[in-house]
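Structure in structure tokens, see below.
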Amino acid sequence: MSLIVENVTKRFGGNTALADVSFEVEAGALTALIGPNGAGKTTMFNCIAGLHRPTEGKVSLDGRDITGLAPAKILDAGIARTFQLVRSFRELTVLETVMVAGHWRSGQSFWNSILASPGTRRSDERLEEEARGTLHALGLESLADKRVHELPYGQQRLIEIAKALMTGAKTLLLDEPAAGLHPEEALALRGLLAALRERGTTILLVEHNMPFVLSIADHVVVLEFGHKIADGSAAEIAKDQRVIDSYLGKEEDVA
Amino acid sequence: MSTFLQLAVSGVALGSIYGLIALGFLVIYHATGLVNFAQGQLLMVGAMATYLLLMQVGLGYPLTIAGVIVVALLLALLFRYGLHRPMVSRGAPTTNMVVATIAFGLVLTAAAELFIGNTKYGVDPVFPGAPLVVGSVSIQTQSLLIVVVAWALVGAIWFFFTKTLTGVSLRAVGLNRTAAAVSGVRVSRLITIAFVISVTVTVIGGMLVAPLIGAGPEMGLAIAVKGFAAAVIGGMSSVYRGMVAGVAIGLIEMLSSYYISSAYAPVIAYAILFLALVLMPARVRQSGAHA
Amino acid sequence: MNNTRMLRRTMAVGAVALMAGAAFAGCAPASSNTSPGAPADGGEGSSETIRIGYIGPLTGGSASLGVPAQHGFELAVEHINASGALDREIELISVDDEADPTKSAAAAQRMIDEENVIAVLGGPNSGPVLANNPVITGAGIVQLITIAQADGLIDPASPGYDLTFQVTENNTYNVGATIQFFLEADYSTICAVADTTEYGQSGLTAIQTVFAENGLEVSATASHEVNATDLTPQVLTLRDAGCDSIYLYSYGQDAAVFMKTVNQIGWDVDVIGGRALNQAAFLSIAGEAGDGLIFPSVIDLDKPEAQEFIEAYNAEYGEDDDPAHTFSALAYDSIFLLAAALDASGYEGGQALADALSETTLDNAVAGRSGSSLSFTEGDHRAPSDNFQTFWTIENGQFAMYRNDLPSKRP
Amino acid sequence: MSTTTLRTQRELPRTRLHGRRRPGFWVEIAASALVILLPSFVASPYLMRLFQDVAIWSILALSLTLVLGFTGQISLGQAAFYAVGAYTSVILQTALGVPALLAWVVAIVLGMALAYLISVPLLRIHGHFLALGTLALGLIVETLLVQLAPITGGHDGIRIPGVEYLGEWMQLRFPYIVLGTLVAAYWLVRNLTQHSMGRAFFALRDDPAGAAALGIPVARYKTLVFMIGGGLAATAGVLYAHHTQVVTPDSFGFDTSIEVLLIVIIGGMSSRLGAVVGAVVIVFFPEWLVFLEKAENLVFGLVVLAILLFLPGGVVGGVRTFFSGLARRRETHHPEVAS
């Protein structure tokens, strides 16, 4: 029971962004996908989340082929994703934003909304209760009536995670959740992820921040120039010479 | 054959005006992602200002041109600092920006009506005299002037965007505002320059077309819609392609109203715009979606 | 019917026109009358103000017709009030409908409800008139359509027919008069061009009907949007169809562009225009290209009333959008028609006023050829009598009267 | 922000905002009843006519509020659906003798069908380009109304005298029908946008990709909303035709599409009430600004620009901000209230 990526290749025109990548995200574990900029992390993420269709290869969840499913359908399969760039729903409060994430399973449909069936109101009460529960669980209940774009960056990231949780999906894809966080915020995030894992949530983390990943991941997959160069436990990866070279080289470029 | 050539000559002249509108439209779009729905009214202001200065005040063309360009500058600054920049700084969403340009156009029309008049007025051509006749085809000197000026402007703007530092930076701004700002480009000033270029080009279009069809407060919409169509069909990319597309639309309009039906020619033009929008490549659509 | 009272009424109506005429000219040969049978219960001696409404476009694209009409109304009200011919003062209430049917209908309700008008004058666009007519006539108020020419505005099948009157000659009248030029010249191929506005399209329909009735064929037609940017295809379509004469039924600005294109391609063709060539925009844009064009008008310069009106109008309003005075003259006469009928109905509105109007004749109208009149009858709510139309042309870029001797017939 | 463990659901606070009927609900019910009964206590026919104008504009504006305000689809061609509703209803009744109520239903369904068909290609374009596409659509319909004269009557339009087609009884009560329809349209839009569906609309408007990732069927909702918008606009058209008793092309042109847009901007783009407030302003504005005479259009345009600049939420948004500002000030004055 896990998310399996098998021999995925993705080409854009003549460029090969991913070449024959395979790995497995074990159920209930926290797997991290890392690599320097341009390694193909985001492409891989999008191939799983349904934004790109792999040129070749297969993605499956619990034995079910989910390759190339539309983003909205991926959620049906049980996968929720977060975005790196948070775009706020301007009109909605934090509570309402989180409630939106439960919309797809709320049972409210276009037509029974128009008819104002009594179920609509009850379903809304349930959604609110659950959203408050989710915010409470993440310690964000005090932000319920604020707007997302008014919040500091770190809190916006946590709300992305709250949304993903609220969808009810058992598998979460997190796109660089630690990017741009203060060390203090990153620490809190680490605690949260650990707590989620304890609850049995499967997590695939795409991350650039190596120390952050090594401190938390059960399993790490390393990409470079579209190829998988390493795959193992955090401890193994920390010692892998190729990974160290690749990362150091890249850091110099950036600096 | 002579009919076809005559239609073609008119189509090229008319299409060059559409191309100028597309040009004005694209310059602002590239710099800011804003689609300016007031293009038609800006053209109208150019025509009305020409009428006022040339026919009412009696300045003669050299001074009128100078005067109209001053009007264009003032208008561009008003548009940029009175409306665009305040709205951007308040974080107005796309829909509000679109509506703001529409409302700006309404204000221009109302002002022209109130201060100049609400009928249509004749404007003298730059070179009075008989039309030029080549074989069986005749062309008014003003139409010839339109073609020459329009293409000269396209050339000048192409040169500006590709060969001058300011122009290249301006393109950079359009491609990536944050990156441009980081690399030390003075973004705000460049956007203002884009507004000035756009408004000036459009206003000159109005000045050029006035001697052919007169100047009146409600003259802009039909021309602007076809200008928008030209920009879209040109792929929203280069000013040069917008100009070519403008000429194509001018030709289609002339030929379809002769060979198909003069009554349904407008429907054909609008249908082309509609189809061009629906069928344009996703890349172009996306770039405009959240700009 | 009491004969004495009827006689007094006849005199009173005559006096309205006479004294008003005298007030600004002094020498108008005025004779106006109502036929026997006019209702004769009156509210004489009262000094209340009579309110008349005008709903028309005072801003927007149609204001170049709506504003001259307003000037014509104002001038007439001023003259009548100054003359003291009526027992009461007339007051004109103008509301701008921007040629928008919705606004026009609301304005009509306001006229009736808030302004207590006794009659409403309609503007130049048929759309707004069609929209405000049910409101006005539905409230039992009389409507006088002054400028809008569409035939369908006076429709016996419409519920408001009894209370609706059209002062201007309609399209059929207008085309029926103009067709003489085509009949006389014996053209082989007659063509027509029109814009897609109500003016052009209703004109085109009238042209096709009237020409067929007279055994003439319209060989080719072309149309275009109003405020067109280029009419080359239309001109070439007609040229290549071998037309030797063209009936040009477009608004002034487009008619001008059409003529410029005809000149540009060096095509020698006879062009006869519709009434919109009276518009200032045509003169202004066409320049020399308009010279020699013939088009129908309602102004007869040999008629003293017309001369006096033009003088008075120019003194008051100077050069406005109606240099040919066609539209302001019709408006001016409309008020006189109303005044005469009001006097006849004893300042009673509604059906009484409509009945009085149906029997009102204005012999000394400003509009119309010498000897013609504006008169409504029981069965015909269209005012112009036979031989009403005059024809004008353009000489050296100026309007000039062409002929005032051609017969024209009320349809 | 120092959560390191997930709290359990049992510790939940039990306060709720959503779902429960707020006092606002009863205000809405009362206001609706008041609006429907308006014709019984407004004596002035003029005022009543203006109220009907307001109602028809409001329905048209509600259609745009739904489409533009809630799902971010700019439509500059709303008059096209308005025209389809008006003309279909009138042609069915006058030319084919279809009974009024049936003609109305067919007209509204046709408006929805057209909107549905159009929305399929339009889904491909967004933002500015959608505005251009709908502008083209509106212009096409406007031209066709004139050119298809044998069917539409061209500029002469088609007369539909009320008493003849609705009967005297119904004609007399037509104001109730107009205002009743406004109330129904309001509740339809309200129900659709009140609960989770409305939040989903805002989500897909502000971040389509994000909304899709949350399982919201973005394209389907956009299409459905566009279709309901078309139906509402057609409904307004049906009412307009009987209110004016004639249809002519001038009522359904580009100017009308722009006017609706201005109503929505003035009232507040994403506010149901805004559509009504905007319509009141548009209809009564000429009354209030009569002293400006010919400068009215200019002043009006400047007012709209000022609203866009300083009150992006429109009049309704502005009023809300004002009151929430007041409330906040009160909180700071009495710190013990804010726990």
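Read from first to last, the chains carry the letters A, B, C and D; within each, the first residue is number 1.
Everything that follows uses one rule, which is that a residue touches a chain if its C-beta (ideal position, glycine included) is under 8 Å from a C-beta of that chain, and two chains touch if they have at least 3 such contacts.
The model shown is predicted, which means the values in this text are computed figures rather than measured ones.
> Fewest touch steps from chain A to chain C?
Each step joins two touching chains, and the minimum needed here is 2.
> Going by the contact definition above, tell me which chain pair has the most C-beta pairs touching.
Chain pair with the maximum contact count: A-D.
> Quick one: chain A and chain D, Cα centre-to-centre, how many Å?
38
> Return the distance between the CA-based centres of chain B and chain D, expressed in whole Å.
Each chain reduced to its C-alpha mean, chain B and chain D end up 33 Å apart.
> Chain B: which residues touch two or more other chains?
93, 113, 263, 266
> Multi-chain contacts in chain A: which residues touch at least two other chains?
90
> Can you pull out the residues of chain D that are in contact with at least two other chains?
143, 147, 294, 297
> Can you list every touching chain pair?
Chains touch in the following pairs: A-D, B-C, B-D, C-D.
> Please give the residue numbers of chain B that touch chain D in the complex, ascending.
Answer in residue numbers: 34-35, 37, 83, 86-87, 90, 92-96, 98-100, 102-104, 106-107, 109-111, 113-114, 221, 225, 228-229, 232, 263-264, 266-267, 270-271, 273-274, 277-278, 280, 282, 285, 288-291.
> Please output the residues of chain D touching chain C within their complex, sorted ascending.
Those in contact with chain C are residues 44-47, 49-50, 53, 143, 146-147, 149, 154-157, 159, 161-164, 240, 243-246, 248-251, 255, 283, 286, 294, 296-297.
> Give every residue of chain D touching chain A within the complex, in rising order.
Contact set of chain D toward chain A: 1-9, 11-13, 16-21, 187-188, 191-192, 194-197, 199-200, 202-203, 205-207, 209-218, 221, 224, 228, 270.
> In the complex of these two chains, what residues of chain C are touching chain B?
Chain C residues touching chain B: 59-61, 63-64, 196, 222-225, 227-230, 232-234, 236-237, 240, 252-253, 256-257, 260, 264-266, 279-281, 283-287, 321.
> Which bits of chain C are touching chain D when the two form their complex?
The touching residues are 58-60, 96, 99-103, 105-106, 109-110, 112-114, 125-128, 130-131, 133-135, 139, 150, 152, 155, 158-159, 196-198, 201-202, 205, 225.
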